[in-house]
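Structures for review follow.
Two complexes are shown next, each including chain A; its partner changes from chain B in the first to chain C in the second.
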Partner chain A sequence: MSETPADEGGVEISDVVRFEQAGDGSSLVAHVRGEIDTLTAPLLRTELDARLPAAPLVVLDLSGVTFLGSAGLAVLVAAKDQVDRSGHSLKLVCGSRIVTRALQATGLLGLFDVADGVTEALSS
Partner chain B sequence: MSAVEPTGTPGGGGSVVEVRTSATAALIPTIRAVASDLAARADFDLDAISDLRMAVDEACATLVDVASPGSALQCSFTVHGNVIEVEARVDTAGPESTVSTDTFGWRVLQTLADEVELRTDGGRSVGILLNKRADPTPR
Partner chain C sequence: MADDAGYYSIRFGADPVQLAFFRAGLDRWLQGLSWPEEARVDAILAVSEACTNAVKHAYVGGVPGDVEVVGRLVAGPSSRQIVVTVRDEGVWRPDQGATGYGMSVMNGCMDRVSIRRDDAGTTVTLRSVPVPLPHSSPEGMAAVE
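Up next is the complex of A and B:
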């Protein structure tokens, strides 16, 4: 089973984000996917709140995101705040025009440290 | 042909699509998909399609929040050449059900759409009217 078919009812957290440890375990990569709107953003927020504090470097890989609404943008801003407060760092991998446009059109792009890919984000 | 009532500018000759759903966040993806499809067919560029999809999402999410329980979300899309006008509306329980325009979401909506207007109807319903041009607005 490589993929669970998406059913119309409840959204599973595994449909929204998958975490991966990287480097010597000090980096956390969050692969976010699907549509991040008012339905899925709270799930993402809860997961990030729980996982972010432990990681000095967090990479949010948004290359699987197909829609990013204001609720999703607010989660990204909150994650950035949380990471900044603890002196850690956060990098975004936008991956698609959809994500870049959402950040750019709302004037939020400049807030983030953006990398071209997960490998670049982890190595720089 | 009287089933569809044009809600856009009278005499504008635009084609109209109306979508009516339960006022629930779970159905907003369907409305977003309609917005994207209409924009793509009206030759909007990719950024303008993306902007319209986000603006429609924001308008619907805002309205679903204040809709009275069990009510419907009504969205009308009118395509006038290279402009798409959207009116989204929900019934509300009373005058206390208001949309706050002092939020991150409302700022996003104003940024993404070319024009946005909040329309209230004495506490019976709240609507958001927005329009978007096909060509990107310089920012």
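Up next is the complex of A and C:
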């Protein structure tokens, strides 16, 4: 991973997302956390762009997300597009009401394959 | 509701860093009104988008100004709503990438959203869905946790 110092607003990558390999290395779990808004979304986008292409199965674990704004929604849709294009699959673990609600209100929830938890997302 | 808990006002610099602080303050106001969680989440999502638009688009290439947010509680005989206005003094930029989702969030989470633009800037007015009046018990305030 590249050593990017604190981005604008003092937001560090580790404040926004942490990656974990799962299974035999064929799956990638991205634990996203905090508030994903216009400030943090570009950072998340850059990280996902770099890590997603290699994994046949990507699980976006949003259970640590406390706010999801339109910029964050755009990142999720871009991730989904990227994964679809390469014939891989992406699963979403929503967690909190605010995440589910943001996806629901925009009609985007139906685009995603949603799982109740990371374990379930990896096993199905 | 004659007390000032029914009124919320803040002015902050048009900087994305401010948005998280703004949301926390809005959340405290709504918690203080014992706003039901589902409606509280909706209000935070929607008002935050209006503020994000103000911060992101209103001052592009111009002098960074302030965003002014005023929230009012409107209580009727059987339900209550909040009406929040988000005002900026910038020049509205109609076409900037992800704004589509921002409008969808606002419209999906609020009862009514209106946008008024004039020479002085842009005002977005958001009216929440009606929520029940706060539960009044015979013990009155003693019952409030």
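In the analysis below, the second predicted complex is superposed on the first by the 115 of 124 C-alpha atoms of A that agree within 3 Å, B and C clash if a C-alpha of one lies under 4 Å from a C-alpha of the other, contacts with A are read in each partner's own complex, and residues count from 1 in each chain.
Basically, contacts are C-beta pairs under 8 Å (C-beta built on N, C-alpha and C of every residue); 3 or more make two chains touch, one makes a residue touch a chain.
All values derive from a computational prediction rather than experimental measurement.
Look at A:G107: by the touch rule set out above, it reaches both chain B and chain C.
Contacts of A:L73 after superposition on the shared chain: both chain B and chain C are touched. In the superposed model, A:L39 lies in contact with both chain B and chain C. Of the two partner chains, chain B and chain C are each touched by A:R97. Chain A uses residues 35, 37-39, 67-71, 73-74, 97-98, 101-102, 105-107 to touch chain B in one structure and chain C in the other. Those residues of chain B whose C-beta lies close enough to touch chain A in the complex are 25-26, 28-29, 32, 46-47, 50-51, 53-54, 57-58, 61, 64, 104-105, 107-109, 111-112, 139.
Listed in rising order, the residues of chain C touching chain A in the complex are 16-17, 19-20, 23, 37-38, 41-42, 44-45, 48-49, 52, 55-56, 97-102, 104-105, 107-109. On the chain A side of its complex with chain C, the touching residues are 9, 35, 37-39, 67-71, 73-74, 97-98, 101-102, 104-108.
Those residues of chain A that touch chain B in the shared complex are 35, 37-39, 67-71, 73-74, 97-98, 101-102, 105-107.
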